[in-house]
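What follows is a pair of complexes built around chain A, which joins chain B in one and chain C in the other.
This part shows the complex of A and B:
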């Protein structure tokens, strides 16, 4: 098991290096440079600015400098807004995204599992049908449609929740629902299939034959094992929440990281795009790594080498 | 007993083997695909989905060729006009529809738009617009909303000091209040009828373009991206997975480690990055999605190939001296097709979904063309006033993705009954 963990950590480090190199190559091949603007600057000023940001160095020197900076936790500065750095953004905006992300994760896992278990226990009954129809709709409707629909009905037509900003808990209802829907539907389907499969296993029959109550059979014997596939979905779920936040924060005007990312895309603020991309990628890779390690402890049936 | 004696002695003779039916094939031989088709035909949901998919594709091809408008035709006078019109009857021939920004549009009684009414006076200070309809004055007085708005602004100032004021409720009230009054020849007139818009059957967008044809033109773009991206993923995935699985051993190990690394990267971020680098547009979206989303396909193919290459028919082909290329292309890949087709079918809606997502954050095709995602994005600004502009493209995306998903489920059940859930 120790070997597996070491192997996973090494693989994650390679992934992060790969991500950073890929990002560097892509950004290095952009047409134009951050200082291409309508205003003509004199050659001297240009050279001075280039020297300040180290843009006149050859590519490999910039590459190592870039790796060193990122390793120290410096994710770069904005080339369009004076004094704006990615680190500052992480400090100011990321907490908003994090709040939504954590709330969404809890909603997805708790409600997703509850719905899945409910429909597995009532297989082919009306409850099951309704849950499955909702799940199909959940993976069909894009999150931005859900978000805008929510805004239109609940804040405009009914006036129940405020339409933009991030002041009170009421502001978070819409974003959390919209960002969760897809993964929620997925988790519900996943836990349903998995529980149905587990309930057909021999050890469940044994447990029933021993005369255990249905409650004990399901809660103690079936549920625990059926939740293992759900754990594997946590990685993709985090990636989904991160990308989902881009549109959700835009629609609900939440001053989070995703909103800034989208506006830096629209302003073509390349260093910001690069910094946020690398930050988010590393975040997701580490999250997946942690999930994989936790998984080893949860599922003793699998032997790792 | 008598019956036994009556048997014709001929019956005891041996019959010729060729006359026996035991070896006869009663039903026609079904190939794998014919068998799958037979099974999927019994699945009503899948068949309905297939019909929907075919209809969407056909109408995306045909509609832009036959419709009265082009996707780029615009008429600024007739911007933001919804599907249902509340019209005011002024005389027997003259009907007026009033837009959300208080302009009077002349319509026929059955809902054809004729154009803006002639303006006599646009009195900004008193918030009145005066038009000439059939020689008489037609007045739109929108000071009502303006006064309400002033009151609301005062209230919101007070609310800063007094937290007991429910601003949310006040805003709600403001939004649903009556906004204007209209007078014809000095008389107050009320809405006389509700008709369907005959000119723009799904309404027009903020530049006065026909939403209906823009949705079908958007379907062309969204579907093209969906199909092409999925197809390229399919080709790359099949080659990569096929080679990895067939050679096995160290090659497989290295190739799969690469796939492991790639699969933990949040792909959407890199699709965004690639689209930014390549300049937004249909081509770059396709390129970005094709070089990122093949990993799943490669894994499926590899798993299948790994088990197939141990089978006897591969050994037989090798013994007969077939080349590696021939074994891969003729023997292994056709047998992998079942699960791959299911994955491919799921890749198409995923690509449409992702394209909509990219367009929505402003990385879509450039104007005047529009995909479903960019139509939704365009509608966002006027969401509260013109919700229909978001509703129809969103409906198109949802129906198409739903159809692909349901058809995919059916296809999976039909191609591989073992996977049935």
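This part shows the complex of A and C:
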């Protein structure tokens, strides 16, 4: 196990380096630079600004400078937010995004599995039909539509929740629901199909032939097996939640990472783009590594090394 | 006088599919005496597995017992409450299934799966259950059981998995063991070992056994009595001797002719039974074997034959056994082939 984790960490570093390089190349080939939007400046001032931020160096020199600074954990200074380091901005903004992400992940896994199990056990009965209709809606309605709809009904019409900001727990209800909908529906469907299939396996018949109660048969023998494909989905799901949150944070005006990321791209804020990309890469790589480790505990047939 | 441990009386089981009612078992009666090993033989779809699942009340939707009785120790299992059935399953009647590769749960250790059934039915502690599980693995011939108990099924070979299944089945010392094609998925060497194991437990522990198989060679080794099933009905029933040396039903004869014989010195071809089993969605009104029978008469198509008793314990469902049937012709032609088995 220890060796496996070391191997995974090395491959994670390579992955992140690859992402950094790709982002750097793409970013530098975008038309414009961090200062094109400023009002007309004289050539001297422009040159001075470029020199100040090191933008007058050739691309490969800047590239290695980035790599060196990142290795030291220094993400640089934002070109747009005056006097702010990228590290500081992430430190302020990330907690908002993380709160939404964690709440959404818990909701997706717990409720998704419960709904899936419920409809598998009531296969083709009304409960199952209702859950499956909701799941189809959840998968097909885009999250921003859901978010806007939520704001319209619960903030504007009913006034139950505030429409923007991130002050109280009530602020998070809308974002969490909007982000969860797709994955929640997907997990419910996945666990339903998986459980139905598992219940037809021979070892379930064996369990029943042992005289075990239906409860034990389902909760012990069937559930653990049916969760294997669900766990597989969780890794990519976390990545999906992270990227999905950009749009949702914008709709609900939550001062999280998403907002910074979108505006940094619009402003060609080089350091900011790089900082957030790398930060998220690390985050997703760790999440997937954790899922892979959980996998071993659920399915003993999977062996690492 | 031997006691009847299990008596199945006129059992009927159907599957209610969207195409209609599939009558998988259409009224079968047989019994198992205490300490006896019987074999149920038949080809795929003859209803042999469904009858064992019916006895255990393990039929899955849309299968349902529609009539008859299953008397176990004199009590009818057909309308027993679920809770009481749970106490019988695994404890008094245990089952071994066909495919050992899929019959064990892949995500729990073998030890856990043996201990589970012991803890369910016996009031003992976990440590005692573990000791018992190790003892069971030793009994079924798994080397170093103390270590093996911590293994997962995928770390066992096919034969070992089936041994583990036998260990699970026998860990509560059941009165009746139902083995549903226990050796079909195994290679011949392992097959022989598993059969020896089942046979040994039958003779040593006196566990009554029902061995379900399509392989006559398997029953010949283990069972004292044989029930031949076809099309959801029992075609012939008798002692091993009677079935192998004095078969009276053309279907039994056909089965016997289709097994290869080691001793035959001439290059004889195996004789298959031509045709396919009847569609039980629309079961034939007459004898189910009518369409494939070389000796079919008009009456066979129209009317299901009754059982004709040849002597006590040996009966067959065939019109050829009727007094007016042309029996000489049939037996003359059969004698050579069948009696040389």
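The definition used in the following text is that the second predicted complex is superposed on the first by the 271 of 305 C-alpha atoms of A that agree within 3 Å, B and C clash if a C-alpha of one lies under 4 Å from a C-alpha of the other, contacts with A are read in each partner's own complex, and residues count from 1 in each chain.
The rule is simple: a residue touches a chain if its C-beta (ideal position, glycine included) is under 8 Å from a C-beta of that chain, and two chains touch if they have at least 3 such contacts.
Note that the coordinates shown come from a computational prediction; the quantities given were computed from them, not determined experimentally.
Engineer: In the superposition on chain A, see if there is space for chain B and chain C together, and answer fit or clash.
Structural biologist: fit
Engineer: With the two complexes superposed on chain A, say which partner A:159 touches: chain B (first), chain C (second), both, or neither.
Structural biologist: It touches chain B, and chain C stays clear.
Engineer: Contact-wise, after the overlay, does A:282 reach chain B, chain C, both or neither (first, second, both, neither)?
Structural biologist: In the superposed model, A:282 contacts neither chain B nor chain C.
Engineer: From the CA centre of chain A, what is the angle out to the CA centres of chain B and chain C, nearest 10°?
Structural biologist: Taking chain A as the apex, chain B and chain C sit 90 degrees apart.
Engineer: On the A-aligned overlay, A:49 touches which partner chain: chain B = first, chain C = second, or both, or neither?
Structural biologist: A:49 sits against neither chain B nor chain C.
Engineer: Does chain B (first) or chain C (second) touch A:296, or do both, or does neither?
Structural biologist: It touches nothing on chain B or chain C.
Engineer: Could you figure out whether chain B or chain C reaches more residues of chain A?
Structural biologist: Of the two chains, more chain A residues are contacted by B.
Engineer: So in the superposed three-chain picture, is A:98 touching just chain B, just chain C, both, or none of them (first/second/both/neither)?
Structural biologist: A:98 contacts neither chain B nor chain C.
Engineer: On the A-aligned overlay, A:221 touches which partner chain: chain B = first, chain C = second, or both, or neither?
Structural biologist: The answer is second: A:221 touches chain C but not chain B.
Engineer: Once the two complexes are aligned on their shared chain, state how close chain B comes to chain C by Cα atoms, in whole Å.
Structural biologist: 14
Engineer: Which residues of chain C touch chain A once you look at their complex with the stated criterion?
Structural biologist: 56, 58, 60, 85-91, 94-95, 97-99, 102-109, 116-117, 120-121, 152, 154, 165, 168
Engineer: Under the definition above, what is the set of chain A residues touching chain C in their complex?
Structural biologist: Chain A reaches chain C through residues 200-203, 205-213, 221, 224-225, 298-301.
Engineer: What does chain B use to touch chain A in their complex?
Structural biologist: 168-169, 171-173, 175, 257, 260-261, 264-270, 272-274, 276-277, 279, 353, 356-357, 360-363, 373, 376, 380, 383-384, 387, 390, 394, 397-398, 401-402, 405-406, 421
Engineer: Could you list, by residue number, the parts of chain A that touch chain B in their complex?
Structural biologist: 11-12, 14-15, 18-19, 22-23, 26-27, 29-31, 136-137, 139-142, 144-145, 148-149, 151-152, 156, 158-159, 162, 193, 235, 239, 242-243, 246-247, 250-251, 262, 265-266, 268, 270, 273-274, 277, 280-281, 284-285, 288
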